[in-house]
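Chain IDs A, B, C and D follow the sequence of writing; residue 1 opens each chain.
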Amino acid sequence: MNTLALFNPFSGRRLAFLGLVWLGFILICALAAPLLAPFDPLAIAPVDRLSEPGGSYWFGTDNFGRDTLSRCIYGARMALIIGLGTVAVSLTAGSLIGMLSAYFTRLGHVLMRVIDVLMAFPALLLALVLMTLLERSVANTIIVIGIVYTTTTARILFGMTLKLKNEVFVEAAVCSGAGHCSVLFRHILPNLISPLLVQASFIFAFAQLQAAALDFLGLGLPPEIPSWGNMLSESRIYVTRAPWLLIFPGILIIFSVFSMNLVGDALRDSIDPRFKDDIAGV
Amino acid sequence: MALLEVRNLCIAVGSGGALLPVVEDVSFTVEAGRTLGIVGESGCGKSLTSLAIMGLLEGSQVRITGGEIRFAGRELTKLPAAERRAIMGDQMAMIFQEPMTSLNPVYRIGDQIVEVLRQHRSMSRRDALVRAAELLALVRIPGPAERLKSYPHQLSGGMRQRVMIAMAIACDPSLLIADEPTTALDVTVQAQILDLLADLQARTGMAVVLISHDLGVIAETCQTIAVMYRGRIVESASAAGLFAAPRHPYTSGLMASIPDADADCETLPAIAGRVPRIDERIGGCAFHPRCPRAASRCAIEPPATATYPEDHVVLCHFPEEAAP
Amino acid sequence: MKISLWWKSAMAGCAALLLANSAWADGTLRYATVGEPPSLDQHVVTSDLATTIAHHMFEGLYTFNSANAPVGLLAAGEKLEDDGKTIVISLRKGVTFHNGQEMVAEDVLASLNRWGEHGSRGGLLYSNVTSIEASGDHEITIKLKAPFGPWKNLLAFINGGPAIYPASVAAAAGKEPIAPEDYIGTGPYKFGEWKANRHVELVRHDDYASIEAAPDGYAGARTAHFDKIRFIPVPDVGTRVSGLKAGDYDYAESIPGDLFADLDADPNVKTILNGGPIFGLIFMNSKEGPLKENFALRRAIQAALDKVPALQVSIGPEKLWRANGSFLPEGNVWYSDAGADNFSRGDTDGAKEMAAKAGYQGEPIKFMVSTNYAFHYDQAVVFTKQLAQAGFNIDLQVYDWATLIKKRAQPDQWDLFFTHHGFVPDPILISVMNDNYPGWWATAEKAGLKAKFTGTADEAERQKIWSQIQTAIYEQVPTMKTGDVYTYNIASPKLSGLASSTLIWPHFWNVDN
Amino acid sequence: MLAYAIKRIFVLIPTLLAASLLVFVFIHLIPGDPAAVLLGDTATPEEVAQLTREMGLDKPLYTQFVLWLGNFLQGDLGTSIFFQEPVLSVIADGAETSILLAVMTMFWIVIFGVPIGVVSATRHGTWIDQLSSGGAMFAASIPTFWLGLYLILIFSVTLGWLPSSGFPSLSDEGGLTNLRYLLLPSLTLAAPNAALIIRLVRASMLDVQREDHVRTARAKGLHPLRVAYAHVFRNALIAVAAAFGFTFAALVSEAVVTETVFSLPGVGRLVVQSILRRDYPVIQGVILVIVILYMITNLLVDLAYAWLDPRVSLK
């Protein structure tokens, strides 16, 4: 496939294209954080605490005297890790469960019941209980949010695989003696790649909000990690005293989630119409 | 005066700022009580023409760019929307190709018939229901009173098309437009529906515009026939005249495509080539790439109309002069 | 269409709600608390929040005046006999409980006995008591094994202290906290209702028998001006601040230091400093792990810490903290600088050397801290950095408070943990003096000093011994004080009668709006 | 329909059992000791151990589960460790706030979400459509607590129009006017969810608009508003009804954050506080109640489906 084809959904969608540009900018921040950040995001400078934006601190400093700009840049890295991690966990687990359930009917009966039970738990509550159970860490946050979105992904993949299972090309593959693995992963899965990509973009976006909510409730990433959610959570008392501590990370979260949603929306319009209704998005 | 008179109708679809003509210079008349058949392959503009007459193009990407549509002496294209709506469903009604999807799945069919009755006639709901049952009886639906309570999904395709017809004739229209009314149905049901339409027409004296890609269907029911190709009427004549002596090569091709029950040939001498896309530009005569008799002139110069006796009109550089 | 109707009704609804004036009766004081107390039973619960609420309802025999000296409240006076081994306390007459009964010696006896047996701090006194009896309708006689210095402070300290309940309540209650319907005391307010998750409400006790003396600290006359006091849990500190500013609360507790300057300058907010500072404590594990009995290593850790940046970072304005090594604040009778030159050395190189000498080879040291208290976490972050610079391998483990207090009871789970301590009038009440408190400091030196400390009633002598104990704490380092923090509360300027500072817990008798 | 509902409820029981087992196991795996939290900082290990025994928390997990399940089947969710009150009454106290908050939020979602979605669909492709669907997506991208903080700052602290936090019961002084305490929280909670509904209403109306039966309706000569309302919107409602069900369930969960920001005495904040206090019976109770609520919502959505769409038959 032509790589340029990936950009087709963005022709004529100026806003979605801007979203793509913003995400590219965030990606650069994340990858080149040590080069871009003017300060160590963890360096404490009690003398400079709560400095206003300006001078050598473009975005001001927090109550530890840590540079907000540097923390925002490193926060991009954390956003990327959380987003990609959640996508990896939920798509891998979700598509495996969904595809196997649709393909092996009996197994599916059991697995989808389990998914039903999990789906009965409200997402944030499930995440809360799981987070209290585990320790606060990056990996655990990713796993917990991943589990939440595994259920929805499994549901979606279940439906889509069922649709494909009865297609001619699948029957042809079965008739020609292809094994279960081959049918599932070489014939069915390739057809689901583009809807999965769309689903991934929405999960990426929602994972940011979920992680921020967990950080806010004090049950997300460890507090010493510079993430946008932690920055907001720690600084909420400074809403009038040091507003820059809430405004900069807040804008970063909002714009990144918004961009990711725009991109997902644009991608969705370009996928196989059979699957369009399966993916909810925003 | 003719009931419906279409003069030089032009329709274009707006795509990306530019207007793309899809129906050009179409003219025909329909007398009260008579049946006009419009025939052509899909995409030739016959359905758009019918929607334009009905007034259903509004709000879509497609619009009328020229010409006039006179109905019972009124120029429809210039009427305000409200007056236009007063005609729709009342003096002029339409049935569609897909009986499966043309009824709203969430309402009982009784309610759907009542809706049109109450829109145009000041009737109580109760009276309207009585009338709806009569209409169902008229379209030969058994047990009409009970059927009123049915939902569309509980009926077969043929039944649903009957309901559509009942809805269309509810207000005694003087013109019924039937856009491929039988295409989606079984052959046996097709015949019943055509039969029903003819019967109703005889009873009520309404005029019918029947649109189809199937010359066979047209041949059975119409007094006059217009053949459309790529947005233009390429030939029009009385049914007898047309079948006796098709003069446009496209018409001949269509006729040759009618399966003949007596012939035992395996293949149909269908028209060569494919229907061109609407955004393809074709100079000269639009049919020349597929025309067996095309000459170099056809690719350059658009043909002019040639008129033969008995209002037989042909749009071709080399019309067939006599019956083969 | 219908939409316009929806809009109209929505707008009308909004307008109605906006225009509705604050429907609150002026007679209610609304107090935004940090959370909900586990119980208001003063005998068994030591939560500061519980006392803030409960000391409006329950009273002890003594209380503290503004100089933190114990003075009579339900006690009219006392006589010491037998070299201080017999204490005869006479009770005030005409004091009625909220249930209408008069308070008599029998009630006091039952309350003291329950406190002595089950109360959080009762054991301290009762381990020295040989007998206690009602020697008259309004007289109690306590006989001690030996003269016991802190008796009056212990009786006056209502937090985990001997509140006086009716005999029927005190006798029926065992170890379990008494139920809200049995909250019957003698205070100016009585129990109204406790709606879980919503509020605790006190209502004025109209038959309150007040002392006729000028108010002085908690002592003196108490007049209830409000019809009701409502303690509303508002765990989010930002919400407490904006709620007070917006007029939804009249008083809000535990406000972050960084907001002090702004709030102090805000004419719509009154700031009230807490007179008794709280202080952070980092306990060391004396039972297990690398720090067990390795006093040299402990001193190395102590030497590495510079408390000033931690206080700056966690509290902010200098007015609100003191890098003070004495366990009790300056101006207090227990103030002592013994050993305090080791309080905040911040000597990275010296610490490195000391650690090497103590045989430290980079073993991981587990440091537990909770995020439930922002200043714990903030200070711990600074200390972890300082210790790392001095070559210590600190494993900072961040938990929520519930997990931390479960883990700290297990000696194999930790080496250091962070907590804080409220102001106490007598050093014997400081947690490190309790051998069973996690950390389990129970060396022979401590035992000897502690016995001497409680064995005398001579204040000057006791103060001298306390200095020696403090020196021992800086030598053996069972815990490290991180500095005094003066917390503050905020109030609506409409409230009159509030002092510019509180002793320990805010009180709302003699306050009006 | 009633028979179907009853049958569905029976089918729910195994799911509910599985869910309750899951909750029970999860919650008891959480480190932290309720007895220690309850007794406070000065408690000795012996006291903690004794209280643990008294509360039955030292028994094997399966015994605790069986006991708890037995009580649960009798409608007894146990006693709150922290409040020493029946869990059911603790939850009932919080339910007033949570239900009112959810209802008020749904009100905003309907008031804002549906009309804007309808206008967006009927003006498909115009700047109104782009503004409202883009705006909706933007609203859904704002973290709720961030939005809440600023709403408090603007409308309570600066303008002084609305109370910032808390919610006195409707039975308290002030009566119905106490609802204004829920205005900001419900708007905060409604923002992302209304956005979802806007986009959903718009998308399903556009889908329906393309359907043949809408053309039939127009051919009847009906007024465009009548077509939009009785034919397009009515049919689009089928897809929207499902979303309303899920939105309502999501609200209860998302309310955790909103109730914390606005310090509302609701079930959401109760659950967070109970997790911090390790008040197992309350956590279990709340989660189970919410799970049951979710299942009932699902059932109601299915019934609504059948009611809205005659093609759906209840089996």
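The criterion applied here is as follows: contacts are C-beta pairs under 8 Å (C-beta built on N, C-alpha and C of every residue); 3 or more make two chains touch, one makes a residue touch a chain.
The structure displayed is predicted, hence computed values, not measured ones.
Number of steps on the shortest path from subunit C to subunit D, with steps defined by chain touch: 1. Shared contact partners of subunit B and subunit D are absent; no chain touches both.
Each chain's centre was taken as the mean of its CA atoms, and the one lying most distant from subunit A is B. One simple way to say how far apart two chains are is to compare their mean CA positions; for subunit A and subunit C this gives 44 Å. Between subunit A and subunit D the centroid-to-centroid distance comes to 23 Å (mean Cα coordinates, whole Å).
Remark: subunit B and subunit C have CA centroids separated by 90 Å (rounded to whole angstrom).
For the pair subunit A and subunit B, the distance between C-alpha centroids works out to 53 Å. Contact with two or more other chains is made by residues 132, 219, 236, 239-240 of subunit A. Counting partners per residue, subunit D has 149, 153, 157, 260 as the residues that reach two or more other chains. All chain pairs in contact, by the document's touch criterion: A-C, A-D, B-D, C-D.
Interface of subunit C with subunit A (complex): residues 236-238, 241-242, 256, 258-259, 262, 309, 312-314, 316, 371-372, 377-378, 381-382, 385, 396, 398-400.
Contact residues of subunit B toward subunit D in the complex are 54, 56, 59, 85-90, 93-94, 96, 98, 101-106, 115-116, 119-120, 151, 153, 164, 167.
On the subunit D side of its complex with subunit B, the touching residues are 211-213, 215-224, 230-231, 234-235, 238, 308-311. If you check the complex, the residues on subunit A that touch subunit D are 15, 113-114, 116-117, 120-125, 128-130, 132-133, 205, 209, 212-213, 216-217, 219, 229, 232, 236, 239-240, 246, 250, 253-255, 257-258, 261-262, 265, 282.
Considering their complex, residues 44, 46, 49-50, 63-65, 132, 135-136, 218-219, 222-224, 236-242 of subunit A touch subunit C.
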